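A, B, C and D label the chains in the order they appear, each numbered from 1.
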Amino acid sequence: MNKLYENADLAIADIIDGSVLMLGGFGLCGIPENCIAALVKKGVKQLTCISNNAGVDDFGIGLMLQQKQVKKMISSYVGENAEFERQLLSGELEVELIPQGTLATRCMAAGYGMPAIYTPAGVGTEVAEGKEVRNFNGKDYLLEMAFDADFAIVKAWKGDTMGNLIFKDTARNFNPLMAMAGKITIAEVEHLVPTGELDPNHIHTPGIYVQRIFEGKHYEKRIEQLTLSK
Amino acid sequence: MNKLYENADLAIADIIDGSVLMLGGFGLCGIPENCIAALVKKGVKQLTCISNNAGVDDFGIGLMLQQKQVKKMISSYVGENAEFERQLLSGELEVELIPQGTLATRCMAAGYGMPAIYTPAGVGTEVAEGKEVRNFNGKDYLLEMAFDADFAIVKAWKGDTMGNLIFKDTARNFNPLMAMAGKITIAEVEHLVPTGELDPNHIHTPGIYVQRIFEGKHYEKRIEQLTLSK
Amino acid sequence: MALDKFQIAQRIAKELKDGYYVNLGIGIPTLVANYVPEGINVILQSENGLLGMGPFPKEGKQDADLINAGKQTITTIPGSSFFDSAMSFGMIRSGKVDLTVLGAMEVSENGDIANWKIPGKMVKGMGGAMDLVASAKNIVVAMMHTNPKGESKLLKKCHLPITGIRCVKKIVTELAVLEICDKGFKLLERAPGVTVEEIISKTEGNLIVEGDVPEMAI
Amino acid sequence: MALDKFQIAQRIAKELKDGYYVNLGIGIPTLVANYVPEGINVILQSENGLLGMGPFPKEGKQDADLINAGKQTITTIPGSSFFDSAMSFGMIRSGKVDLTVLGAMEVSENGDIANWKIPGKMVKGMGGAMDLVASAKNIVVAMMHTNPKGESKLLKKCHLPITGIRCVKKIVTELAVLEICDKGFKLLERAPGVTVEEIISKTEGNLIVEGDVPEMAI
């Protein structure tokens, strides 16, 4: 079975209006730049995007927001984005804010076939509203449901034609979790290598979780907060 | 803080009668040989051992069974061990059999601070007796509790003085999960390397989960079922 | 003529499709790997933590750190990956494994399976079997049609303690290929030369025979 | 004299012990890393997936793939490790992080904390704050004693939407070090030259003053 796609346009060709997408990355670190560009080009709309952040005004998911392609964001933090704020305040955009660890674990739950997980994050806060609270060993936990996404779109450092992925540094973040969680997982990689070249002990995401893979082009890898030592 | 121990005897010195231990390994693959030998030498008794298997008669946890050090085994499969069978039938030994994936996930739950997990394994079988059954999206799941172990004893291929671990091939199995789950985690490694030598992207178990580490000696690495191609 | 165990494996191999991720149980299921049809690539999952299991090693090439779920020494194919047991059962539980082949002691007409415990005998444990049957989306059972006493293993209801409920999709025995449907065991194929009557006589559970039942092509 | 933000960080750094795994929030907490006492090794956790965070990189050495939870470019120390976000919050949730330092807008006398949302303002989200406060076994808050309007931030009850309940252990402000105990804020230390009266006047929640309250040694 061929998992190899030529480019992002082909890999995302069947994503339609109203799809639920997971997009890997933390801030602008480890985001699937090629797929985002292809989604903007395709102009698909009414998307629900599960992603830790919403990019900045002119990069990352911010590019999709500019084109009003996003109906709903499910994120843990959405600062640094004026267009996002405008759409939110005008009611064009729906936002669900959830704790970062809950976001990560709800992805993992989907990938691990667990329908729900218990976490203490948000107990006693407005995040707990409408959710089941349960006490285990004297501590309260919230029941949080596994995500159910049509597509997971992730970015890896290296990948092979069988879909095995290796991430680099903190660009790993949500990518391997979302890769496990999508009904269809699309991986863009900086370096596509022939099958057999990756050390099987170094693989972060086994190919079984990846349905489509392609080598991305022209990575900008923008830095959000350049901070240097003197 | 020093995590480095000279040998297994020192690393397990405070394990006392009645302790709950997790022991890594699948069959005889990836088992903490040095720590098992030290536990036998120390003669600590009334142990509860959480381990996927119980070794064979003269190797692995089987060595502890010979000395009648084990009160209870929590495992998924305990074949290939005549002494085990004798103790079980005579009532000297208590056994709790649980599905392998449930065993693995209850370890992971402990390491991830999740008090319990839902799994479909065992629904409708005697494993479900006395357990909460809950339906999510039309499918039944059992509520299974995170393990609570005093010590996790694991074997890795490489480790550094900060406790970072890398496993090799299928000797990984339960080791990283148990490493995350112990109140105190003791890691024996085939190769101890100076801190900074392991690639941070290749580490399977971050050092935060490991309290004690030492380089093991004289690994026998016995093969249970030598099977060859002609 | 009834199939031998190699032919059962061969027949099951016809269920494989290109790109399938497959988990093969111990016994006859393991043999399926020897009959993968030409032009088809399947990737074998071993639930102790490996995708991309290869053949047994040549003498001298065995590695104690590289075994399958039956604890046998094995090798890997290019593109293999190792992972821990939680991820291994995670991918099983989330339905990423396309086909699971298991042995069984009994199967009931609603798809329940019993394959882990015989009352009165030493219980060795379920290993990964309960996880596999509870989660796999496509389970094929490889077994003999009857037990050594000649009693049917395709039952109205399992007598032995069950491993999982309503999970088996297909059964391949030395006599027949059967599918679990709403009403029971639907007879899909006969072994060459085996009569429908023989299959009926050796099937305790409800057997559905519709029209001409073709012989297996193996 | 009230502490400046660097001195607050310096005082918090005295809470560090050798071998501690520490998560430092954005703002004053980040500064704590600059004041680790001599002879003590601490390992910084960044919840986006790193243990062993080092200083900011030198010009030209920045790497877009290597950032902290504040999205700043950083470096690693020898012995660092990378992991995914589930493991990162897993180690937080299971109590493996020894000390968490956070900023806050309000803290109540029972240890509730509010630091993520101001009604009427654009809500940016809680990021990892709710996970951290719900799980960390040892939470120290770094904040000003009063808000810009001069109102106390140490309250009987939080007015703002809370981030977590009964979780804060200690608070270090420009005026004082306080511990949350059963009855409220226990005054442990005063900033050099700051009077107990000033601290009382700026603390709305129940303040417990027992005996002579020593000055901080910084």
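To be clear about the criterion, a residue touches a chain if its C-beta (ideal position, glycine included) is under 8 Å from a C-beta of that chain, and two chains touch if they have at least 3 such contacts.
Since the model is a prediction, treat every value here as computed from it, not as a measurement.
Trainee: Return the chain pair with more inter-chain C-beta contacts, choosing between A-D and B-D.
Mentor: A-D
Trainee: Let me have the rounded angstrom distance from the C-alpha centre of chain B over to the C-alpha centre of chain C, please.
Mentor: About 29 Å separates the centre of chain B from that of chain C.
Trainee: Just give me the whole-number Å value for how far the CA centre of chain B lies from that of chain D.
Mentor: Measuring from centre to centre gives 36 Å for this pair.
Trainee: Could you tell me the distance, in whole angstrom, between the mean C-alpha positions of chain C and chain D?
Mentor: 56
Trainee: Could you list the positions in chain C whose residues touch two or more of the other chains?
Mentor: 82-83, 86, 89-90, 92-93, 135
Trainee: Which parts of chain A, given as residue numbers and ranges, touch two or more other chains?
Mentor: Residues 105, 112-114, 119-120, 167-169, 172, 200-201 of chain A each touch two or more of the other chains.
Trainee: Among the chains present, which pairs are found to touch?
Mentor: Touching chain pairs, listed by label, come out as A-B, A-C, A-D, B-C, B-D.
Trainee: Could you list, by residue number, the parts of chain D that touch chain A in their complex?
Mentor: 46-50, 55-59, 62-68, 70-74, 82-86, 88-90, 92-93, 112, 122-131, 134-135, 161-165
Trainee: Would you tell me which residues of chain A are touching chain B in their complex?
Mentor: For this pair, the touching residues of chain A are 105, 112-120, 136-137, 139, 141, 145, 166-169, 172, 200-202.
Trainee: For a test of understanding, state which residues of chain C touch chain A in their complex under the given definition.
Mentor: 18-19, 21, 41, 43, 45, 51-52, 76, 78-83, 86-87, 89-97, 135
Trainee: Can you check the complex and tell me which residues of chain A touch chain C?
Mentor: That would be residues 1, 110-114, 160-162, 164, 180, 195-196, 198, 200-201, 203, 206-209 of chain A.
Trainee: Report the residues of chain A in contact with chain D in the complex, numbered from low to high.
Mentor: For this pair, the touching residues of chain A are 26-30, 52, 75-79, 85, 88-89, 97, 99-105, 107-108, 119-127, 157, 167-177, 204, 221-229.
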